[in-house]
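Structure first, then comments.
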Amino acid sequence: MDIFVQQIINGLVLGSIYALVALGYTMVYGIMGLINFAHGEVVMIGAMVAITVIKLLADSGLPGVVIVLIGLFAAAVACMAVGFTIERVAYRPLRKAPKLAPLITAIGVSIVLQNVAMLVWGRNYHSFPPILPTSQHEILGATITSLQVAIVLIAALTMAGLMLLVHRTRLGRAMRATSENPAIAQLMGVDIDRIISLTFVIGSALAALAGLMVSANYSIAHYYMGFILGLKAFTAAVLGGIGNLAGAMLGGILLGLIESLGAGYIGDLTGGFLGSHYQDVFAFFVLICVLVFRPSGLVGEKVAERA
Amino acid sequence: MSIRPLLEARAIAKYFGGVKALHDVSLTIAEGEIYGLIGPNGAGKTTFFNVLTGLYRPDGGELIFAGDKLQASAPHKAARRGIARTFQNIRLFGNMSAMENVMVGRHVRTRAGVLGAVLHNRKTVAEEAAIRRRAEELLHYVDIADRADDLAKHLSYGDQRRLEIARALATDPKLLALDEPAAGMNGAETGELRLLIEGIRKDGVTVLLIEHDVKLVMGLCDHVAVLDYGQKICEDVPAVVQKDPRVIEAYLGGELA
Amino acid sequence: MNAPTRPIFFDALRRNKSTAIAATVALGIVLAALPFLIGSHLGNSWLRILDFALLYIMLALGLNIVVGFAGLLDLGYIAFYAVGAYLYALLASPHFGLHLPVWLIIPAGAALSGIFGVLLGAPTLRLRGDYLAIVTLGFGEIVRIFLNNLNAPINITNGPQGISGIDPIRLGGVTLAKPIDFLGITVPSLHAYYYLFLALALLIVFITIRLENSRIGRAWVAIREDEIAAKACGIDTRNIKLLAFAMGASFGGVAGGLFAGFQAFVSPESFSLMESVMVLCMVVLGGMGNIPGVILGGVLLTLLPEIFRHGAGPVQQAIFGKVLLDPEALRMLLFGLALIVVMLYRPAGLWPSTTRRREFRGDAA
């Protein structure tokens, strides 16, 4: 039983991070109908910048939480700048091009970011300095660290804030209108170029937060980390119903739970034939099942079929 | 004129949620005639087309075509049985030439598989030549042979309508279903279209026509059915339909006068 | 009458028979002499790259059937390459002690990959566009993960270590792994592989051209252009799409088998998502749906990273006197930039088919 609870906790933490990243994918897809293939790399940039700044300040004598907040701020600024630039350079000129063209530039951007990171930070793993106060708590026979609690809470608060932004503000209304029909939104006086830029910037800020969380949770960051994380988060977005914010969150949490429970129990389920290293198969297997049986995703009602 | 029925629709029903798009629609189209289907916007004409051509599965009723039941929800099988159609909002293969569009229409009447295509055996070569010949004939038939090598999407609106008809005819249909072929055409173009449809009938193809241009329908069709709110309110020769009070009411009296 | 999808180049050849013969002969001489030219001037590493370029051309042509002709976005294509490669590795290596002949394994690899293509296609073809892309991506990753982990409890794939000591390709009792004496000329191994790969690549080009100009090829393009209209024309879209998947996959299977025999080693690492992406880039960057364009894409994207690899270190050395930046990262960085720049300036690819080029002019007007 305690393993079960432990895996649920791990799944929730992992899922919160997936959800934050998935939001970035889903917002861009919702507005432009484009898979921002490079989003995972933005998360990686966030993690690397945060860890670099935090390392620099680790011996400054400031309290750990303050250092982390400064790291987060730096990461957010860097990611927002990167996100903004990606959209301007690689996507905006191709809005009317054949659909596969922006996908290829997205792949190009992804390769560029990865290798810039490799040039700047090298091939080595960077470890997260142990500056945060940690305490462990027992719940139902499982342990949860204060960091894990913080990750889940902050992710939840951030997502709540995003929902408020999208559903309660003028900006949010413009975003929803653009996603519904860009041409009409433009006629109604929405500056869609600005909205799209802002969407990228907001998604990138979320990515920076997610990057910090990943590196803090696993105490590690690496130039190659964005790829598989991005893939998983995209899976989560599709799982929930791409283009749908609530769906991305639900999909993220679900995927986290499925992965960690799957990894914990696959051995028992298959009589030891398959081991926990099949963890990654789960993500894709679930994804394929969802798409085949419910192509619009769990929450998505509007099928993303754009002309 | 033959009185053998080519198509019999028996109590066709189609619902979208709570909306009765078609309700208990029965009609009979005789072989060799031009049959008109009219009605106000949203009356269910295109829905009937989609059921007939297998795009929608009906929620009730059945279709008997040339003596046999039509299998629901299998557009390619409807085409094989001999039902061809055009679309209200023209659906051509935009990045293929006019010629190739018509050649695609021959797909259902030809057989070459991967092996034949790769090996170019005598049968395939002959078949391919026949496809090309037939496509050229049909482009001449609808009078756009000079545009054969142009991309479909670069043709003028009227030519696109003609091309769509040629592509439909390429499937060797027994029944050609035209969904508002005169929409957006001027008087002269409509006149040419009328000649084309009459020619098609003369060549032995039964025509089912959805049309808003009431003058065209009344002048061209042997029988006309009127749909209103998903139900058939009248079916007869044009002269009778024109005077039917229910029809006049459905059209608010204006258009038919 | 020429179908307009046919590239202008071929049209010109067809119009003038003597030009056509001269061009074919010239091309034949160049292709035949190429390995000797490259071998003597640039060395063996470039010969290997040349051999790989031919493998990638086969892959790109296979994927082009699915993406370029039928318009189905497949991001897991490399899985079929993996199937062909592992089939060869399992049936002709000390791993199971089997040493079956090439003429049996390669067709078997094509067939098995084709079956995998149908297996992938059957449940997913209802999906469109991006969704299909993601499912195929997931499929590719699942195949790779299984290759990585099917070493326990029964060792089938030998896990991440991969399978080594794979039999080289043998034709008529002659192994291509050693220099061959042919009519008094000694043909080195890399040259022999080049000629074999070239022959198969030409065969695949031939098959693709024939298919493109057939009833089947037109049906593929019709589905890409408008699926509903294609159905109304009597095309059984499901079967025709499955056929595209199977054909594309079988080309991948052939290339995979050749790869295994050539490398004498396979491991899951060779079949990552990045490889699928690479092949897709070849197709799109070269010119989707246009055979010469796709070939160009295959050649360029094989050569570019290698040119950057060979240039990245020495050029820095020459300019700065030392290597400042990691050459491996630098070459991939340049490669990524090249992808972006080409797409920004040629969104339809470097060599689009005449149809698509016309489409662009039309849109600009």
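When the chains are written out, they are named A, B and C in that same order, and each has its own residue count from 1.
Heads up, the rule we're going with is that a residue touches a chain if its C-beta (ideal position, glycine included) is under 8 Å from a C-beta of that chain, and two chains touch if they have at least 3 such contacts.
Remember, predicted model here, so these are calculated numbers, not experimental data.
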Where each step is a move between two chains that touch, what is the least number of such steps from chain A to chain B? 2
Please flag the chain sitting at the greatest distance from chain C, going by CA centroids. B
Distance between chain A and chain B based on Cα centroids, please, to the nearest Å. 50
Rounded Å distance, chain A centre to chain C centre (Cα mean): 33
Length of the line joining the C-alpha centres of chain B and chain C, rounded to whole Å: 43
Which chain C residues touch at least two other chains? none
Find every residue in chain B that makes contact with two or more other chains and list them. none
For the chain C and chain B complex, residues of the former touching the latter: 1-5, 206-207, 210-211, 214-219, 221-222, 225-226, 228-237, 243, 247, 355-356, 358-359, 362
In the complex, chain A residues that touch chain C: 29, 35, 89-90, 93-94, 96-105, 107-112, 114-116, 118-119, 122-123, 231, 234-235, 238, 242, 272-275, 277-278, 280-281, 283-285, 287-288, 291-292, 295, 304-305
Residues of chain B defined as touching chain C within the complex: 53-55, 75-76, 79-80, 84-85, 87, 91-97, 99-100, 103-110, 112-114, 116-118, 120, 124, 127-128, 131-132, 148-149, 151, 153-154, 167-168, 170-171
Residue numbers on chain C that touch chain A, as the complex places them: 67, 73, 123-124, 126-131, 133-135, 137-139, 141-142, 145-146, 148-149, 152-153, 273, 277, 280-281, 284-285, 288, 325-326, 328-330, 332-333, 335-340, 343-344, 347-348, 363
